[in-house]
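One chain, chain A, appears in both complexes that follow, with chain B as partner in the first and chain C in the second.
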Partner chain A sequence: MTQHKVLSKQDLLSLFEGKKSFISDIDSHKKALDYINANEFPTNKTEAWKNSNLNQLTKHKFCLPENKNENEVLEDTFAVFNMQPYKISIINGKYSPENSDLKLENSKIFIGSLKEAKEKHSDLFNKYYNKTESYKDNVFASLNTAFAEDGVFIYLPDNIVLEKPIHVLFFSNGREQKAFIQNRNLVVIGNNSFADILISYHSVSFDSVLTNVVSEVFLEENSNLNLNVFQGEGEGTFHINNTHFIQQKGSNLTTNSAIMCGEFVRNDLIVDLLGEYCNTSLNGFYLSEKEQHFDNYIKVNHLSANCNSNQLYKGILDNKSSASFFGKVFVARDSQKTDANQSNKNILLTDNAKVFSKPQLEIYADDVSCSHGSTTGQLDKEALFYLRSRGISERNAKTLMLYAFISDVINQINLTPYKELLYFLLNKRLKGDKIEGLCSIKICPSC
Partner chain B sequence: MSKDEHLINDIKNKEYEAGFVTDIEMDVFPKGLNEDIVRKISAKKNEPEFMVNYRLKAYRYWLQSTQPEWANLKFDKPKYQELSYYAAPKNTPKYNSLDEVDPEILETFKKLGVPLEEQKFLSGVAVDAVIDSVSVHTTFQETLKELGIIFCSISEAIREHSELVKKYMGSVVPYNDNYFASLNAAVFTDGSFAYIPKGVRCPVELSTYFRINQANTGQFERTLVIADEGSYVSYLEGCTAPQRDENQLHAAVVELIALKDAEIKYSTVQNWYPGDKEGKGGIYNFVTKRGICKGDNSKISWTQVETGSAVTWKYPSTILKGDNSVSEFYSVAVTNHYQQADTGTKMIHLGKNTKSTIISKGISLGKSNNSYRGMVDIKKSAQNARNFSQCDSLLIGSTCGAHTFPYINSENSSAIVEHEATTSKIAEDQIFYCNQRGLDTENAVSLIVNGFAKEVLNKLPMEFATEAQKLLALTMEGSVG
Partner chain C sequence: MLKITNLRAEIDGKEILKGINLEVKPGEVHAIMGPNGSGKSTLASVLAGREIYKVTGGKIEFNGKNLLDLSPEERSREGIFLAFQYPIEIPGVSITNFMRAALDEHRKHKGLKPLSASEFLKFMKEKKALVELDAKLEGRAVNEGFSGGEKKKNEVFQMAMLEPLLSILDETDSGLDIDALKIVANGVNKLKTQQNASIVITHYQRLLDYIVPDIVHVLYNGKIVKTGGKELALQLEEQGYEDIKFKADKK
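Entry: the complex of A and B
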């Protein structure tokens, strides 16, 4: 029998020996630790992680990042062209004021470090922090709850429409070491408020890092949030992301996730629709190559009546890469008039690529309309022939069709500068151009 | 109370019509399971050496495995040591004519409408009737013999066609496949065996009726159907069981083997006792059904109508090994009261140009839960494989649940896999449309439900289609949402 190496809990826990919790209070810290002690890291026997093999992680020995150049000012090549956002940067899990640009016109708004917020706005912090209990989702989330040092806190009070988008930049820097980086975020959008947020992950070195992010997002009544997440961490990066949304009555949430980089990316999105008349739209696309593995794990819990939810995930897989999509729509008893849709579409470019698609419906109310669809295949031969018959080369025709395939998802983004950037990157990627920069994508159109 | 509510109550309170107990003397083993019991079953059946070893191997594997818990089902685990693993009607001589058969058995079949007497000639059905595990009577043996078709009980096949059994039994569902399959391999008492020789088209539909008759008797049927090169067979299986208070266990194994150019059409109507309206009693149905399209151009199609059982755990699957092989899965599952069903299929594509189609319709009523769980697995070697799956669920009443759990894996870039599913109740505009044309709401609902299931019912052979429609109507009638 071959010995399967399993990611050892002790190895990662030993990193934190003697460390206390920086953000969580004693109670949350203890609960998270209890969870870690009672549970193991997911293996391929764990249903939710069946197609995502964490064994690669065992090849590396991670350590906590030493923040040598803490005050280093990074080049501004990660800014999105034509976008003047509120900018906040986190480097290796710590807030970096040098790389942030926060001039807020309203003193009630808070955008900044979570650690700082814990001291300055303890009432808000206590009201929302760890209220989603996401540490119960898996050992990574509880590790984060127990030991994360910092992250972003965004608070919009009632009746505020933010005119500028917020750009949150996470940098991982594994320079000379394989760092285990944790980020903890909290976002609260007050009643009738509106925000556009772009979160982007980048690495500033080639080394393997393990990034473990937990975000809690609260949408109060009639609030609106557009959240875009760009995964641009470089090759050799393991990225594990847990995001938990709580939506109150009449709130609207749109998310868009773009995964183009990283060795292993796991994105967990959990949405709890607590109030009636909520709209949720979760979109995403992934372009994988080499031996990358991207996993999207989505749960939408319809806990209240009259809500709509939509999921649209599309992917193109090249070389030996693999992707997994899990989407569950749960409709609780009496969540009548629920309208939920799921769609997952994949194109395999080679016979070595693999796709695992699991769109699921679990429904306990009768007056609902729920559907899901999943397709995996290749480009439509007739459409290809049509383009060829118009004198377009095979290569161009394929590129065009793949571009159109992904455009469906990008088109839903309403943050125009970011949308244009994605189109630019998509085009570049499909044409086979190397995207320069420290192997992560620098988001400036000039590179 | 409105008329609709009356109708709902009527249907909700409907007792199980086939619930009666036949009073036949039984030969029952003591409760419990150990190696001795396994040996005793084998001895009772006069089985050759290799079978005893096979059973013991399965039993030892079963001992160290645990009952799977991944299904979306909630039930008390059967107490395996409290069950008796062998029950056979006493004195089981082979009858040559119907007159010799115990009249009470005949009465039972009459109630169930088994066409054992004159009807058999009219309906053209050869019936291998099984009462609690032992074949009592097999008809049409003569006609089948002329064509070289073997259709007999599995015990007989083990004794008389041991070469075929040795070669194929356990080749599709190995003894260590899963918990229930191991249990079955260790203690199966009877079942059916069919072999269709090369190039023969079986002229009649082969049919077996199963029936659980003894309280506390686990029923472990074993079915093996082999279609040799270029042959065709349509095989039917129907179930109905009497009313019981304690949960009864049914863990059958069905293996289908289609060689080159062969076709097997397997249809089943399952109507085990589902428990009363409080959810008490009822059959546990944990079945492993699997076929293999072994040769090129072979075809296996599964058609099932599931209306019974307290708990159903059943995934008729096909391994598409031969190039150009085809498999189809058509299913209607209706659950009412506290019934739970977790059913679906697995299509494993290995060969080139293989095609599979999955059509699954689930209807939930009362407080029941109905899940579709299906896997489509396209392996790397399956060039140009094609799959289409459609799973629709209909919810009637606000206390039931309908769930869909598809697993779609693709490892080949030339393969196309499509899956779609919808869950909804009967739309008000559909009912309105029917009302507008002069149909009352009740008729409108039954029309819509029939239409919903028609796609699958149409795939059943004539005799079964009528029975299935009757069953469906029985459960559905008057269930105005």
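Entry: the complex of A and C
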């Protein structure tokens, strides 16, 4: 038996010695610390982390990020062509006004730093912050709750239809050692309000970071939120992301997650459907190569009747990369007329790529309509031959099929400029062009 | 144009083609008939370059080139087109994107610039009209959810787009209603020139009323056992294969 090294909680905790909580209040801070003390980092023996090996992290020494350049204006920040968003940037976990563009027409809307919100809008802050209790989900989430210094707060009061999308940019700037960075989001969409949000993660110079994100998202009654998340941090990045949604009656949530970069990405999504007549559509795709590992872990809790939820995740895996998809739909006893679907499809480009896929249903109500499906395979050889027999090279035939495979995920996005960008990146990636360093180039689909 | 000499091919160690000889000249239409399982589609697949069939002997020469040295895509660009007996569904790939990619590669091979988007759409519209392909199929994925007849029409549409020198139609008539059969045959005839040639695989004399062959072959048990003029097809329609089988088996 080989003795596996385990990620040391003490090593990571020692980084924060003498630091107190910045945005959490004493009570939240203490609860998070208690959780950390009572629990270990997940290992492969932890059911929810069975297929994602954190042992790779034990190779690294960690440090806290340096914040000397936080006021520097980043020259070519990641801009989506044709999109004029409200823009807010966070560098190494701290709000960077120099890299933000927030001229709000309505003074009741808040888009800005969590720290500022805590001071200026303490009533709102206290009403929502840490209320999903996601610090209980795992040690990473509790570390974030205990030590996050700042983050993004987006608040839409009732009856607001936001015309422009919001683009939240997280930049991580590593050091020689792996910098351990806490990012935090709090999003509240008021009754009958509507927002399009894009959250994108990028690395500035050193790729070597461990980013640890916690997002809490509240959809009040009859609100609509389209949330797109782009993981664009560079090659050596470990990215751990816990997002918890709370949906009230009649609210509509659509998410899209695009993962193409990073060494190790773990996305946890939890959706609690607290009110009736909610719609939830969780979509995502991942393109992995080399030895990348991408893990999507999803739980949709149907805690009310008459809600629909949909999961569509697709992946293409090259080389020795691997991915894991776990999707669970939980339907409580009184959640009748639940309609829930889950689908995970993967294409393996080599014999060495691996996928673990486990869509799951746990149903306690009797009048429901639920389905789940999962497929993993190679490209259909007969289809490839068909395309080639029309003169299309093998490589281009593969590209056509793979592009089509991912397209039906991207097609669900309604933020058109972002959608076009993803098509552009998908095409580039399938053609074998490098797409790393996304934060340092301006990307426009036409050039 | 095409010269097949003593061609042998097998799949999973089982010999299917047992020495085929066939020569096709520009301007000719050849019909290949024969009982089920005799190797007609296998021959068509080998010509198109399907890798699951292993060629164990013989030669195929196409316009002076050794066809067996070429990949399926190179064969297509050289002018070979196979209309499949069972066209496969390509999930998510639209006909437009598919044909765009194919035509670009064909034009590149000929040293031509790709068509502009509007030129391409115009060209595609003309070709669609030729087989009366339903406009609603345009935005759909290749063959996905198509009816049997729609799939066959789509094959002839692709043939019209790529303007091949040698087209091989593998039972393109089966599954077509009488009107569609006329449309498809008419399309094939319109594409006919003195420079190109066709091999039409069919079970029914009816198709040959529309696409009139110069030469008819009977393939049985991996060999061409009889060759004649178009009257051979009529004779087969009346008498079936019993006599031919009997004579071939006796040899």
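As a working rule, the second predicted complex is superposed on the first by the 428 of 447 C-alpha atoms of A that agree within 3 Å, B and C clash if a C-alpha of one lies under 4 Å from a C-alpha of the other, contacts with A are read in each partner's own complex, and residues count from 1 in each chain.
Assume contacts are C-beta pairs under 8 Å (C-beta built on N, C-alpha and C of every residue); 3 or more make two chains touch, one makes a residue touch a chain.
These numbers come from a predicted model, not from an experiment.
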Quick one: chain B and chain C on chain A, clash or fit?
fit
Greater chain A contact set [chain C / chain B]
B
Chain B versus chain C as contact partner of A:354, first or second or both or neither
first
For A:370, using the defined touch cut-off, is the partner it touches chain B, chain C, both, or neither? Pick first, second, both or neither.
first
Between chain B and chain C, as viewed from the CA centre of chain A after superposition, lies an angle in degrees, nearest 10, of 70
Touch test for A:391: chain B only (first), chain C only (second), both, or neither?
second
Check the residue A:362 against both partner chains and state whether it touches chain B (first), chain C (second), both, or neither.
first
Nearest approach of chain B to chain C by C-alpha atoms in the superposition, in Å, rounded to an integer.
14
Write out the stretch or stretches of chain B touching chain A in their complex.
70, 72, 378, 380, 393, 395-425, 481
Touching chain C in the complex, chain A uses residues 380, 382-383, 385-394, 396-397, 400-401, 404-405, 407-408
Considering the complex alone, what residue numbers of chain C touch chain A?
48-51, 71-73, 75-77, 81-82, 84, 87-94, 97-99, 101-102, 105-106, 109, 141-142, 158, 162
In the complex with chain B, residue positions of chain A that touch it
47, 333-334, 336, 346, 348-378
